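Here come two complexes built around subunit A, the first alongside subunit B, the second alongside subunit C.
Coming up: the complex of A and B.
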């Protein structure tokens, strides 16, 4: 775990410096870190060899939770809204999990996609409740009990998101190294043996599913607060596919990969969209092909592997 | 039920299409016994093990473990209840090292539902090194299982089952894939480990030298049932067994 800690601490410091040198990048990096939380959830599931093409549902659950609570004028603080977004997403995942974790591989991926598309459809159709395709605006809440101006809010949201990302990454790293985390690897490696050790693969996956949804929920909550808007597209399958894309880009071998991939993705998307508006998706696609060909374990694994070479 | 019976399979029946995999199969095993199941290749000996360990559910009949009905119970519940199992083809976590495999078995026994302390720092990890030492695998503890030969994988498979401290263990061909030179040493070690833990054992075996040397009782599986039971001497000298199973 030591290289991960060094890498994570170095990256966090670099990000802080980046926001000071280039304040205009603050929101972009905040969004990247927030999306990295969902990707971290995908990484947990990848440990069990499972891919979810429906985590947009939990991302949207967190985002819409914030939108509803803010619009209900409950005056809840950002530091309350973020965990609440994660909690609601986790509760939904626990409920759907009883159904989803009975499946594996492509069936698991497709069940998740199906559930998320039902959610997408409901968010679009229930216009009076959700604002339909237009979505909902989210007024800027207080942060730490203080009502901040736009620039100060964006700056402090960056640090808040960085703190949430760091704590989440640390806790997930502990989880993945623990017996429960190793049980996830065992699902991927040999579930028959796991069952004959007396461990339910379904239960281990169910816990992972709930944790991963909680991360996605916090991620969506942060995005809703930072961008001030939520829309049904949060639950759309393309968004879920992006999360999987980023997890492959960063690498599922360690927790830092989720955030590294997310930052690279956001930077490519922003700059490619600015300088080659018609081709930004092509550029993203080509970069993924390059990663698969030259660094199949993701960006961070390439770095770690190089370090241990003589 | 006799109190000392650990396992009692009662009139198990299971068909796959028209094929009768188990046809009124019954077997009673007493506490501390080492029972060998022998029979021709492909006769369905592993099916019997699968029926007793929850992998298959009989269409009729019952499996009793220490007086409790475990028919149709999920393998993980049976494992937690005190029955361990090793496989004909070792079922291991190939990408992990030997000790990581063992530690997962230890965690499964001691409580896997914790997400804070790293598995590699399990407070009882030395117990797994000791068990590997007993089985003769201490030297390969840090090696990935994938790199090891089949014979060693067999032993790791058995060691993982033993790590659960089962009261009854099923071993499916424990010495297959092991050189004839090593098999007695391995069986001596295994029997010692079983005695130490007071574990009752049922093992499927093709090697009659191993059967005659280590089994207290031999059961012949033929036609989907136990067709003959007795001491190794009685069974291995039976003319039908000599002709149809041993091939003499």
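Coming up: the complex of A and C.
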């Protein structure tokens, strides 16, 4: 636990310094941290050996919640909108979870994929409600009760996101270390034995599923506020695949990996978009295969692993 | 009028279901033997369609008989399945059979992403439409509806031929018995002298060819756009899961159910046509979690 806290604090400090030295990177880092929240949710499920190819649904749920609330002119504050996005996503996940957590492995992955594709096509087709394929614009809300200019808003959104990420990472680390979190590891290694101990695998996974959806919802809410736009693509299954990709990139061993992975991913994507836009997916695919073949525990575990086995 | 709508929906559903069946049965076959859900399966469908369309254009340019576009379809399916599918199995899949299911899923997802770029690099992003096979056969009039003979007869006929052939081969021939044995217990089969690696390769090639063939048939009646593979993989998974993964005949029934359900939705509630396949899958899995035609499995402690 302690080295993780030091690592996390050091990384957070480094990020703050980075935005002061290079202000142009602020939005990019904010987005990376926000996406890292969804990835953190995926990491929780990975502990149980499950992947969801449909977390784009919860990401989109958070984002569209913000878009609807802002467009309804309720003049809610950013600090209210972010948790609301997470809350709505969590409610959906609890409801759908009654169905989804009965399945494991491939079925779990693909059922999530199917439900997110249902959401994707509904978002696209219900034009009068959701703005269809064009999505919706999100006007800049107040932050902490203050209406800020663009640059100040971006800076303070960065610190807000960093705070949300730090608190979430801390809580998730505590959750994973608790008996409830340990039950997830047991689902991965041998669920039947877990159930012989009197613990319901389905319930443990259901809780993990709701928590991971809440994280994804907050992440989508932040993205909607920072980029000022939501679109059905948020729920598209390739987007969900990217989240899974990032979690494998960062490694599921610790909570810092989720954010490290998403920062690496976001930086590479920014450069790849400039230099090799049409080969972006090839780059992703090849690196995914390389990681699975050569560094199955993710980037953050490379160094740690060497330390364990000298 | 009502009768005509019903008939039209039925015919559409039949033709669409037949196409989906070809792709889904390949996915199901591969899963049955290799125990891998091949996310790149949709790419084989799309690439098969593009290769067939390219052959069609080539035939038109060279002035040969347009009837050759039918053998060209089969040829492109086999080419894609054997070359591309074979390459994928030998270079990549062979290395991941022992790994976790989740990682296998991710590897094929990575391959899917690479194939998406590959398609755009080779065939560009503008739609292709080669309707030689469609226009060759013309239309037929049923109860006052003009329906294309290609979609009414050719596509379902091919699906039936594939279904019967697979059934016959798996049940009654030596190679089919071997495949069934490997599916059941790879180690026991290997101990009896079966070359399991070869069976895996062969199965994967056949499965990929079936997807490519589904694509080739689709190229005769629909326009080809980037991203067509990504929709198909999800749909064919829905079919395979509804039937129970690895069930061949079940896939035919599920494909028909989903095809008909979808086309009924197209005529009655067009906003929701995309939802119907998933709704059918959800309902079936709610009642039978392993699919309609699944066989019960014992739990291992």
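Descriptive notes on the structure:
One rule holds for everything that comes next: the second predicted complex is superposed on the first by the 301 of 310 C-alpha atoms of A that agree within 3 Å, B and C clash if a C-alpha of one lies under 4 Å from a C-alpha of the other, contacts with A are read in each partner's own complex, and residues count from 1 in each chain.
Note that in this section contacts are C-beta pairs under 8 Å (C-beta built on N, C-alpha and C of every residue); 3 or more make two chains touch, one makes a residue touch a chain.
This structure is a prediction, so every number in the text was calculated from the model and none was measured.
In the superposed model, A:192 makes contact with both subunit B and subunit C.
When both complexes are overlaid on chain A, the residue A:181 reaches subunit B alone and has no touch with subunit C. Of the two partner chains, subunit C is the only one touched by A:105; subunit B is not. When the two complexes are overlaid on their common chain A, residue A:200 makes contact with subunit B while staying clear of subunit C.
Residue contacts after overlaying the shared chain place A:281 against subunit C, while subunit B stays out of touching range.
More residues of subunit A are touched by C (comparison of subunit B with subunit C). For the contact definition in use here, the residues of subunit A common to its subunit B contact set and its subunit C contact set are 190, 192-193, 196. Interface of subunit A with subunit B (complex): residues 174-175, 177-183, 185-186, 189-190, 192-200, 204, 207. Looking at the complex, you find that subunit B touches subunit A at residues 53, 74-77, 79-80, 84-85, 91-96, 100, 103-105, 107-109, 111-120, 122, 160-161, 164. Residue ranges on subunit A touching subunit C, taken from their complex, read 46, 49-51, 53, 99, 102-103, 105-107, 109-111, 113-115, 117-118, 121-122, 125-126, 190, 192-193, 196, 237-238, 241, 244-245, 248, 278-282, 284-286, 288-289, 292-293, 296. Of all residues in subunit C, only 37, 92, 95-96, 99-103, 105-107, 109-114, 116-118, 120-121, 230, 234, 237-238, 241, 245, 271-272, 274-275, 278, 281-282, 285-286, 289, 299-301 touch subunit A in the complex they form.
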